[in-house]
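First chain A sits with chain B, and in the next complex the same chain sits with chain C.
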Partner chain A sequence: MSLLKPFSKLPGLNTANILLVENEEQFQQKLADTVVLQEKTVNVNVLARSLPLPMENEESRPRIDLVVFIIHLTSELSFQSAETSLKYLDPGYFQGKVCFLVTNARNVSVPPERLVSVRKLAASLHCPLLCAEDQTTEGVTTAAHRLLAILKVAAGLVPMATGLYLSTLTRCTVPSDIDQQNFE
Partner chain B sequence: MDDSTKRLLQRLMRRIPSQMLQTILDKWAHLSREDLHSLDFTQPKWVLTEHLLALCEENGLRVKHITELEMIYIIENPNQGMWHGFQLLDAEEDAPSIELTQFKEQFKANLTELISHVSIKIKKHTDEAIWIRVAWGDNFTKPYHLKPTYVVHHLQTPYVFVTGVTSKHKPLLNQALVLATRYSSMKDAHLSGRNLTAIRDLLMRQYQQVFPTKHPKPLQEKNPVPRNPNIEKEQAENTENRLQMACEAFGDGTLPQLQKAVYKLETKFRDNSNKTLTGREEPFRGVVEFASTNLLESLRHCVSSGMASTPVTPLLSSITQKGRNYFVITDKGV
Partner chain C sequence: MEERNSTEETPRNNALAQRRSKSYRQSMRSCVEATHLAYTSGLLTALRIPRSRKAPKSCDITKQVDPDQVALLVKKEWQLSYVTPLYQFRHTQLKSYSKQLSAFIVSEKQQGLAIEVGQELGFKVNFSVVLGLAETDKDAETVFIQILSKQAFSAKDDAQKVVWSGWLTCVNGDLDYLRSLPLEFVSLPLFCTRGPESLTVLVKSWFEKTFDCCFGPLGINSTNLQWLASLWTGCHPTINIQYLKLVWTLPTLPPMDVTYTVHPQDAWELWDSMRQVDTTEDSISIDEVTGFIKGLQSHFFRHFRIDLSAGSLMQISTALGSSHHSGKIKIASPNYIPTILQLLTECALLKMPI
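Moving on, here comes the complex of A and B:
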């Protein structure tokens, strides 16, 4: 099985690499452009639709420091594709090198169960869950800013902080009464 | 001018949007220059209509002039109402050499033979299309101008586009067209939509088509968008393949605007989890309808973004390959 391994390659000097995985391939391009714009020290964004990544690029691909799964809550397929891609990640990634990014969380037409299941998934994997707004430039900039913050820690560019440490602070939690939520 | 003519003009004025009014009246050319100048186009439309009515009365214009105005308006804006495509079959030897005057005479003669009270207007548009307006009456009443039928035909092609024909008059129109164009029969092309240009482009294959190639890399002369060296796309080949297959099935660039695709299923029900419905002898009748403001664009996006699996199923690609949007699917095939 072609698992993506976190520590099998050497890190580069002053570089941090982020892998954006999105089934629809729309938000990831905007996000990648903004991230590259915001941070001038070299960082490479790698965009993919789903894992596993093609074998041909195995040699030339840099070491991935952070894997971000972009899930559009308006589509069930988005969630399912992210779930199946999770299987191709080495467990080493789940110690602070994986993040979930969710869009359209405020949308009324989205069934609330989907957000609940994403939260449960993120909580079971001890990963942070970010909500982003992908239609405006401010939303994209904010999301890029937050991702960069996590990326810098995950790549080891922030002294005294590691990905594992950060993830214990930022990981998603699901309150126990989330199944009985009602809005009366 | 009698009442029905007045009503026709009033209805027509309500239909024509104010921005186009001046250009269409200019094209009509039945009002003298002074009359046209005397019309104040900044007034509300009902005032303008009254004024126009008065002018027409003065000039003694009759029904046939008003119908000409309507025809000019429809030719300028053909994308309203529901157009249906028909195909002529089995050309006779002199079919390719039919030219305009011959067609006109034949059509008029045939139709007036079949139904005596009918009003026909034939006009040739600049893009080689013949427009025919038919108002139907029957043996006792005069032609009813408020519900005309429009027919568009390009000479030397076997395609005819019709809108506004009732089932009563359809066989008469068919017969007249078939005789006038020297073919032996006409069949329904199963293509309909609101947009005449779209239907015509689809049937006559006038949209930008993409043909399968063995070397799908883009031409070197095209300037590629400068790609940020920091951003790498892992599955770019898959994306390109999907886009190529989508364009092969549906075409490139702007696509003809179709609104619906209807699949009528007459196949047997096949689902092992449902015992009551499977295994019956009669087919399970169902209708699947795809609707959109621009159906082909949506389908192409579905395929290129991966929502529909590739290779494109022939059920979808036959919309463009066969030029129809109404299919009956039986167990043996389409």
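Moving on, here comes the complex of A and C:
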């Protein structure tokens, strides 16, 4: 079982690499293009459907600084695929190098339990949870902007800030009231 | 929003984390409200998504409710909406409400139309109470509204026919919420309508003007459709459901609809195997429901290689009733009305922006 390790390769100069994992493969391309356009030091984006990544290009793949799991709340499969992919990440990633991005959180047809379970997952892993809107260009630009902010810290390009420090500020929390919801 | 809340709550000192001060609780409660982005829930509606329900018992509803009135409710397809509590709605003044509503409808319909002498646009409205549907003493009695009108070009002596009907109900509503309402308010959160959209809009605007309430569309999300499918399948031993049909929409290009019909005996055996060992217990938990639907989905996957969990559940139907994601419900059998209405009342209460 090949785990993706955070520090097994040397970092490049003035580069930061982001891995976007999404089961449906619709939002990743738009997001990747927007991230590259917004910032000139970000050179490489790696897109994947699910982990583990294929062994063939193991050597040519650069060091991945931030892994983003994109979960579409309209389908249950998206969430399950993200959960199974988590197993293929080395624990070193969970100290500020993993982020969850959720779309369609405001959609009326989405059962609220799904967002609650994604929150619980993100809170248990101490990772930030971002909500994004993927249908409009402004939504994609905003999401890219936020991811870029986290990416720069995770790649070490921001002085005096590390991924671990940022994650203690931005990590998702679930108040324990949610667990006490069913009084019957 | 998440960043702001986490900086407040992350304790710098372990000792402080033990202290449950009042302000900490209030900030936690506001965090709970902020999680549900589809609607804002106030302090009075503690957000509760039920994780278990009582198994439906077949009850002869005609013992509690007049059979003619039951016949008005079953075997028809209703469109659902939620309504916020009504201010100063009195069950004793139904006759005057009927007159006011009919006058309102007539005046709205005549706006902009040239008034012809002799043309009868007469609408007659009938408000009535359906006694017996309310389960607890906090539930308000169900109110049934009918609009009758003469068809155009009908003969002079023809009776008026029902062109629109609707009913407001509350069955086994959340007790804490109902107790917390001020005395002048009556809560009948579920509104079911059937008939032309123009009349529905007029009725809603009259209610909004008279009782200062708000209406909104009530959809039935996939979790609740799964609950309905399991509850109806569970009734198979007592009353034959004849088929279990589920319709999914898959997000392919072009979108694909999958209709999955299951033989009732097979569905019941799968449901029975999902029920935990203590089948004597009355309650059904959400895990059993999700397990049942997952079983159906994995069977489909094994045969067709299509994973239905990538799509969304749109409609379910059995011989006992059918329900659509957009908020349509049809109850075919009068025996299980209280259970279905209880589930729908819960949906309406959760959806309300109060």
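Structural remarks
We adopt the following convention: the second predicted complex is superposed on the first by the 177 of 184 C-alpha atoms of A that agree within 3 Å, B and C clash if a C-alpha of one lies under 4 Å from a C-alpha of the other, contacts with A are read in each partner's own complex, and residues count from 1 in each chain.
The working rule: contacts are C-beta pairs under 8 Å (C-beta built on N, C-alpha and C of every residue); 3 or more make two chains touch, one makes a residue touch a chain.
Predicted, not measured: the structure shown is a model, and the values here were computed from it.
In the superposition on chain A, A:A105 makes contact with chain C only, not with chain B.
After overlaying the two complexes on the shared chain, residue contacts for A:V44 are found with chain B alone; chain C is out of touch.
Looking at the shared chain after the overlay, A:L53 reaches chain B, while chain C stays out of its contact range. By the touch criterion defined above, A:E25 reaches chain B but does not reach chain C.
Of the two partners, chain B and chain C, it is C that touches more residues of chain A. Once chain A of one complex is fitted onto chain A of the other, the partner contacts of A:V36 are limited to chain B, with no touch recorded for chain C.
Within the superposed three-chain model, A:L129 lies in touch with chain C and out of touch with chain B [touch as defined at top]. Using the contact criterion defined above for the overlaid structures, shared-chain residue A:L77 touches chain B and also reaches chain C. Of the two partner chains placed by superposition, only chain C is touched by A:V116; chain B is not. When the two structures are aligned on the shared chain, A:S85 is found in touch with neither chain B nor chain C.
Residues 23-24, 77 of chain A contact both chain B in one complex and chain C in the other. Residues of chain C touching chain A in their complex: 2-3, 5-7, 9-10, 28-29, 31-32, 35-38, 46-52, 219, 221-224, 251, 307, 309-312, 325.
On chain A, the positions that touch chain C within their shared complex are 23-24, 74-78, 80, 105-113, 115-116, 119, 128-129, 131, 168-173, 175-178, 181-184. Contacts from chain B toward chain A in the complex involve residues 228, 230-235, 237-239, 305-307. Residues 19, 23-25, 29, 32-33, 36, 42-50, 53-54, 57, 61, 77 of chain A are the ones that touch chain B when the two sit in their complex.
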